[in-house]
Amino acid sequence: MEKKTLLTHCSDAPGLISKITNICYKHQLNIIHNNEFVDNASGHFFMRTELEGYFNDQTFLADLDQALPEGTKRRLVSSERKRIVILVTKESHCLGDILMKTYDGSLNVEIAAVVGNYDTLQSLTEKFDIPYHHVSHVDLSREEHEQKVMEAIAPYAPDLLVLAKYMRVLTPNFVEQYHHKIVNIHHSFLPAFIGAKPYQQAYDRGVKIIGATAHYVTNDLDEGPIIKQDVIPVDHNFSAKDMAQAGRDVEKNVLSKALNKVLNDHVFVYGNKTVIL
Amino acid sequence: MEKKTLLTHCSDAPGLISKITNICYKHQLNIIHNNEFVDNASGHFFMRTELEGYFNDQTFLADLDQALPEGTKRRLVSSERKRIVILVTKESHCLGDILMKTYDGSLNVEIAAVVGNYDTLQSLTEKFDIPYHHVSHVDLSREEHEQKVMEAIAPYAPDLLVLAKYMRVLTPNFVEQYHHKIVNIHHSFLPAFIGAKPYQQAYDRGVKIIGATAHYVTNDLDEGPIIKQDVIPVDHNFSAKDMAQAGRDVEKNVLSKALNKVLNDHVFVYGNKTVIL
Amino acid sequence: MEKKTLLTHCSDAPGLISKITNICYKHQLNIIHNNEFVDNASGHFFMRTELEGYFNDQTFLADLDQALPEGTKRRLVSSERKRIVILVTKESHCLGDILMKTYDGSLNVEIAAVVGNYDTLQSLTEKFDIPYHHVSHVDLSREEHEQKVMEAIAPYAPDLLVLAKYMRVLTPNFVEQYHHKIVNIHHSFLPAFIGAKPYQQAYDRGVKIIGATAHYVTNDLDEGPIIKQDVIPVDHNFSAKDMAQAGRDVEKNVLSKALNKVLNDHVFVYGNKTVIL
Amino acid sequence: MEKKTLLTHCSDAPGLISKITNICYKHQLNIIHNNEFVDNASGHFFMRTELEGYFNDQTFLADLDQALPEGTKRRLVSSERKRIVILVTKESHCLGDILMKTYDGSLNVEIAAVVGNYDTLQSLTEKFDIPYHHVSHVDLSREEHEQKVMEAIAPYAPDLLVLAKYMRVLTPNFVEQYHHKIVNIHHSFLPAFIGAKPYQQAYDRGVKIIGATAHYVTNDLDEGPIIKQDVIPVDHNFSAKDMAQAGRDVEKNVLSKALNKVLNDHVFVYGNKTVIL
């Protein structure tokens, strides 16, 4: 017996749940969990079905394709652990959290490698016997540096790239190569404090709450589909530096919660939004 | 076109979702929202289905009964507003919150009447043109008093009784008459601080969090199925009285969130627990 | 014995706490609570001291003025209930919450009157025996309307104006007349979603959190000093309308928490920020 | 210039703040932060004062002792990093979190050693170049095992012991030797679910919230002074095992927040409670 997850996204129509579950039943696939969502505003239907049984992927998917409306996107995903590459700069809290959660099994993932534009985090990474690639950006153009980063990543053929406080902007070329496969953690509750130094901005504005946002990277900086956000209260006692310090816990928690959803195939990207089932 | 909600609870078996959604499809009932849950530990299946269409209740339910395992509990509930009677003593915060949320439409309910063992809250209730019955317990045995309370309630034939800080223990006789139809707000995160004066107990123990619990009333005091719980942080600055004051906001929020779930048919009671879909 | 609160704000210097508490001690005023804060970035000192005893305001303040640096702002505030006027448009949730919390004593305030540019909330206000002034803006210029609003407010000489979902922008003239005496509730976690229809903006952006901000009103729209913010999680199930509905609880909670701080003299306004002691 | 923290705890009396701050002023010690609390119920006064300057500890403390009531407990604590020994069994999440937060500097502490009754966590500990002592309890009486544990700890002369999911009960003899110097993380919001298998208990009761409690260890099991508590929501989807998994994040967060307070001298123990300034 195997476990797989079926992700279906199509135009809404009467009887979709009935059709899909009929086909599962016909193929003797047992439904462990099922969630669906209809976006009434746009008429889109989303369904995530965890299945258990003996799969004949080809005939199962063929039956689905025949039954579902044209243009349906459906994926049947195995429950194998995904492989990720993590990009970092100098800050250790998000990387450290992912390393530790992978070590203790609370994050279901294989960390293939870590790539950093400084060597600051090499020692931490190697404690966990994971290869670290130091790809310095010094004396290189953005394009040249990214080329080297891509060369470092490519051999690992990762399912997902994780920007764990990677402080460099990616070019459209890079983003295209990993379409909806790059997750970033941004240190503010977007869309507040877009751009540089969000904690300084938050301090200057005198806010009483700061937060963090995990999102897919697109070519519009800080504008990609949001996966997860969370916040913590601050007050007048917090300097901009204190806010950054306080923000670190939120950042790493938000990032690892987002990764949990992405790595276990709960996330549909849809326009500039996510549907998380 | 009408809207109704189908609540199904039965032993788990292969193909249940498929069977139920097929029957909906056959009856041309459109599924607006659907949620299901399987309790693998006990092998129970729960499904809540919001439907839209032209209903023939009798044939629809007959089809379901034929398709589903023996012993299935299923209810088809209209989307009409439920009617409640509220029982109170002296504290106004929960009653006031329900009155105001009903007034502004954020709680979808008809308050048929308020019954109190003091007249403290008569004036507040009548501001909203709702009948208030003052049923004093003075000089009466518990049974005599309850008899009068039941006589005050009966003409309204409520779908639900709400104990909004009603500070008297109900007898088994009363509880039986309103089986799984009484919701109480308890001023602690049960099972901590069961019994009298929970805020004093919390103060004495030096806890850093206090909370509230909305639950169905059963004959085991403070032991009924929990619907909703929430907490707030406290610290050494809080006296027992401050904790009680701070707890009021949590109490009323927890109660009205629980009522929202109950009144909109999201709650299955199952053993001593709730499944909320 | 009386209770008063001393609010001191001056440049930081060595020995300030010692000087102020010495003078309290000399005047036989007992310190019930004391909080201080030094903003090291700007070198400002803030202290809030709750005192109990027999006050000779004149000699006490004279002693303080002699001991403290030039330019010190200090206020000795009696613990009498403040008087407010509430401005509203059509939505009842914030007004209703303030009315109810005032009724049950959890908000320590006297509501002198409610002024609305519609008559929608007249009936609700009058349930609580509070005068309602319907000042329609129809066929009036902004200045003409505001003139009438000010005339309605003036006789009550309020300590504070509360904009409880008052959906009109105030002119600089109005704001000046009530300098740091107007508290507004804004339906977003500022500075995100400044401007009109914040819930629609939040929906369009696909955020996973929405919030509310209580702030003093200044001439920079949505830019005044923030007093309190809070948020709640949302997800793909929420339409823009659902977000607005869900936001109402946050709005009223944030507003009443902010009012609690302001009405009990915990808030210093300082540049475009607040220090809350 | 040095930084030290003065912790004062005595019976309440008029003028205490004034007396203490006068002595600081006289010794040209600048007050960076100051917090005080009076427990009116018991008439106790607590004050925590962060000082900066050139300290003559002996004369400063002598001046304080002369000025303050008899029986006053006062400590002048240097801002040096504390030294801890961590006790563990098999679960890695709390240990891992402390190791990582110490590594990245967000926990201001020196981990002298880790002692475990299994060798499960030896490899993780040694990644961070910290000595691990495997002291098996197999074939030993509780007293014999504890004797060996104490021998392993003693050479490090720790300021604090941290029980990071150490699943063995300590004897009164052990607890006495480290009076108010042992911090434990308990996997429930005490006093709910005292004793063994709290997550199973929580599951059986059908609670909607689970939590964790960091507390000082005393001879009354699960009854020591509480330092920090936090909770997370759960629902019918959570098995007992899921609850334990979900609880791990809360456990480690609560423990590290408690340690932060203890290690930076914010915590007074007082009867069976804590005052955290």
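We call the chains A, B, C and D, going by the order they appear; numbering starts again at 1 in every chain.
Quick note on the criterion: a contact is a pair of C-beta atoms (placed from the backbone, for glycine too) under 8 Å apart; a residue touches a chain by one contact, two chains touch by 3 or more.
Since the structure is predicted, the reported quantities are computational estimates derived from the model, not experimental observations.
Enquirer: If you check the contacts of chain A and chain B, which chains show up for both?
Expert: In this structure, the chains that contact chain B and also chain A are C, D.
Enquirer: Which chains make contact with chain C and with chain D at once?
Expert: Touches both chain C and chain D: A, B.
Enquirer: Quick check: more C-beta contact pairs at A-C or at B-C?
Expert: It is A-C, judged by the count of C-beta pairs in contact.
Enquirer: With chain centres defined as C-alpha means, what is the inter-centre distance between chain B and chain C in Å?
Expert: Once rounded, the distance between the two centres reads 36 Å.
Enquirer: Centroid from C-alpha atoms only, then distance chain A to chain C, rounded to Å. What do you get?
Expert: 40
Enquirer: Can you tell me which positions in chain C touch chain B when the two form their complex?
Expert: 92-93, 96-97, 99-100, 103-104, 106, 124, 127-128, 245, 248-249, 253
Enquirer: Tell me, which parts of chain A touch chain B in their complex?
Expert: Interface residues on the chain A side: 14-15, 17-18, 21-22, 24-25, 28, 30-36, 38.
Enquirer: Given the complex with chain D, which residues does chain B contribute to the contact?
Expert: Chain B residues touching chain D: 37, 39-41, 189-193, 205-209, 211, 225-231, 235-237, 239, 271-276.
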